[in-house]
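You will see chain A twice below: alongside chain B first, and alongside chain C after that.
Then we have the complex of A and B:
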């Protein structure tokens, strides 16, 4: 490909996209306590602080509990919705799907405040459980988007063949459909996990006295002394999410290859 | 041997569809529709100290809307969101165009992957990194003073511009993907036809590519504009808390001051303003959306 101004622009755009992320390890390994150039020297102290930090460990544990639960719940709800949406016609379908997909475009503060108001009204104490409820609501539309692709590339005749061969509805689902959409399920689960792990404002509103990882990060950003450790934490998170994403992408592609669909690219 | 009406009913596609979707639908009704309805109801209720009195009143709305500070914050939120949307979409369009028209088909998904990676890394930390970049002793000022371009570091934080750049970065993939999808759908022979009929490249782009890409551009505008207005973190971190947006005051009313009816009225007001702006935008662009299939 010959050089073009468009390619040059694309390169600059990638610099814009990646600059904040590339800077994380730069300051995470820098021995200066102030986040500024010029850099001082190489150190692993911030990572040592990070792994010795018990509050952080607790926040991470909470976040993992929430993210795993959210991932399972929203993927399960997503499977029902994607199966219904791709396989059946029923009256009012656009409205029903519209309601379910609404959190995708609703400002997060609206989700957070409406859930907060209703949970307090019914007297449910704020805890990790209420955060899971909120995160599941937010992650389900993303799960459906991923699963829709998996379910809509299913060949209906495979299912009919199974019925003709005497399988029941449930055994057909278990033996034919589930294996074909498993890659979609895995990538949906990983995506919901990532969304939940990173979500701040709903957790901030619904966690009560509990702390999640983003809540902890937000509380520490006010203290300049803690910033280098946050940079180290950010570096770890970037590495972790790249690994997760690459895994999700691998399964998404394998799923497409399995059902013989054309790769249309992208997660969303 | 005719099947009983009940059996036929149970086997009908509509019933199966509803059964299948019911868990997700019930969840959405309980945790989305009901809370939204409650929020609307609260906005018309009266605030008693620590309790909400279910007495109909419009006082919350008149209190919110007659408050010059709330009006200023709401106006600022709309301006910032509009600015962010403009910057994000204008920056994103060439990228979507580049990937769709200039990247070989086999490498397209790799490019999309490359663009979505930053989006999946910690939002809070990404926002904070812009503070690191734009700070008084931050990355940009270090470069500028290091190269001797300026002696006085620029004051860039705590401004609407800084908030806009940060949010434009955060929402980049949301703008690129819908535009990319609509560009992919364009029949390439239309472009050849345009060129064959004597239009130059620029005119072909202007009269064929751009109108056909408009549904994607409009989608991108919606998906960036609507969530941006409810952002809490960026005004707090990048605006230094001195330039609050509507999410910050809603949060304050609901959790800190604990005036739930007023907070609800503010949340509903913000949502109505967002919806009004979004509908106006859709109306102005209706000719691009008509009959697109």
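Then we have the complex of A and C:
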């Protein structure tokens, strides 16, 4: 076989990528407290612990508040930036766009510590709100990257046609542009949500007394007894991710079918 | 063409629909429109013809309002449009890409402009159905717009623009994306449609044949200026410059020597054709520094077969190249004493053989069919 070595490489790559994830549910249902083979027996105890844990519940709630807010904020900002970047020419545009995209390449620890300095300097108390600010800063460049693709594939004459047919600039945006970039908006919202949900460094620096899910998980890793419960939590998160992505992909493909656009790759 | 429009009132007696007064447009340092002045009449099928980058699309977009002009004025139906936004102008446009809204049905596309119309839903639905019928898409209302063929999209775009009953319909290269057969069919349909609705059509095209077929008048544009504005026949038979002549159809050029001018005639000596004279009407305005040439269309020359006589004059020649097109044959012939070949088109007639390369022949021509560029 000509491609056997490439096939072998691809197989190893997938094993390396997914083996740890496959181990999550395996140990989540294992009755032993030590994460090691051989497996002992089947149990749902860890899941029971998980759902009974109030600190965890609070951390999850905080994380969801932050992630949803970040998702909405960064996608909204991204829509404005992508629209401006793809449709208009203005002085200093490359510089402005470059600065907006810069957090993509900045180390998170730098973002976190500089934000902390600024927030303390202006006297803003650390809270969930400050985490939302930090995460929005981080997620917006990703949102713009996704939305840029959606906006730049729009034929400009669609807009002009609607304007020509008597619509205002705003109603044109609402009736024509928005529906056509909806798949991009969904992608952007999902990506920002995910970035925020598992972000640790910025959240850890800016959360003050509040706890988010990653902070909670990190704090529990010190206690070997808690690890099976973390495995159960991980299993839940993996399932949730798959459901979320599958839903998003379903809507994306339905949108494509409705507009007859060419499929240029999605999540799945 | 002119035959189709024969029954209508002459252009000069009709009201002015669009007026350009010294229109200039700059993009930074680039001078895109250089003082365009022209008048388009009510109910006219008017074409802006020129190579890409000549400013024809920019000029069309100044009518729609998508381009602001740097100086001058654009008037529609006597009103200055400088402060009127595209959505308030009495014009609608068919875009080169058709700009069909892909997320809407055919009916929703066509009825898009009626959103602010106070009529009832049922009346609007009827208007949509009528518009679809007008463009030959009756019963297509519920279909998804993206599933249509190119020709059908074109029709939807037309119906969508015409449903608002604009005073002027603007068409930006509407047929360039269609293949030849459908394009020719659509040309005829557009002419019929324009007669039916009776409104002014302004068409942008780079296809000279399309402009000749469809227009009442054509403005030929080069580098932001109108080089010639005339009806198709004048444009074809009496181009006012060598450049226009070259752009519209095929024209042969031979260097000429002007011997003298008298009594409205110009005496010429042309290598291969000899000495003769043409009228002042056949001569272009004088352009300083240009070498004089005479131009003639391929169909104004005829190759004479054995025993045929020329009606006017004839010149000896040798056939240099033969291009067979089925209904036509193009011959490149070398007139005796001229190095560069000239092209002659001959209709193929049953029983008349296509001649071979190298055949000695005689070419019939007439001074009256020539144009002098000086």
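The criterion applied here is as follows: the second predicted complex is superposed on the first by the 244 of 268 C-alpha atoms of A that agree within 3 Å, B and C clash if a C-alpha of one lies under 4 Å from a C-alpha of the other, contacts with A are read in each partner's own complex, and residues count from 1 in each chain.
Keep in mind that, in the parts below, a residue touches a chain if its C-beta (ideal position, glycine included) is under 8 Å from a C-beta of that chain, and two chains touch if they have at least 3 such contacts.
Bear in mind the structure is a predicted one, so any value in this text is a computation, not a measurement.
For A:228, is the partner it touches chain B (first), chain C (second), both, or none of the two (neither)?
It touches nothing on chain B or chain C.
With both structures fitted on chain A, tell me whether chain B or chain C touches more of chain A's residues.
Tallying touched residues of chain A, the top partner is B.
A:183 in the overlay: touching chain B, chain C, both, or neither? Say first, second, both or neither.
neither
Of the partners chain B and chain C, which touch A:158 in the superposed model: first, second, both, neither?
second
Is A:78 touching the first partner chain B, the second partner chain C, both, or neither of them?
So A:78 only meets chain B here.
Considering only touches as defined above, state whether A:166 meets chain B (first), chain C (second), both or neither.
Once the two structures are laid over each other on A, A:166 reaches chain C alone.
Which chain A residues are contacted by chain C in one complex and by chain B in the other?
none
Chain A touches which residues of chain C in the complex?
For chain C paired with chain A, touching residues are 64, 66, 86-87, 91-93, 95-97, 99, 101-103, 112-113, 115-116, 144, 146-147, 160-161, 164.
Spell out the residues on chain A that touch chain B in their complex, using ranges where they run on.
1, 4, 6-7, 9-10, 13-14, 16-21, 23-24, 27, 34-38, 76-78, 80-81, 83-85, 87-91, 93, 96, 99-100, 102-103, 105-118, 120-121, 133-134, 136-137, 140, 144, 194, 198, 200-201, 204-205, 214, 217-218, 221, 230, 233-234, 237-238, 241-242, 244-245, 249, 253, 263-268
For the complex, give me every residue of chain B touching chain A.
13-18, 20-25, 27-29, 31-36, 38-39, 42, 52, 91, 94-95, 97-99, 102, 108-109, 112-118, 120-126, 128-130, 132-133, 135, 137-139, 142-143, 146, 169, 172-174, 177, 180, 184, 222-223, 226-227, 229-233, 237, 246-247, 250-251, 254-255, 260, 263-264, 267, 270-271, 274
Where on chain A is chain C touching in the complex?
155, 157-158, 160-168, 176, 179-180, 258-261
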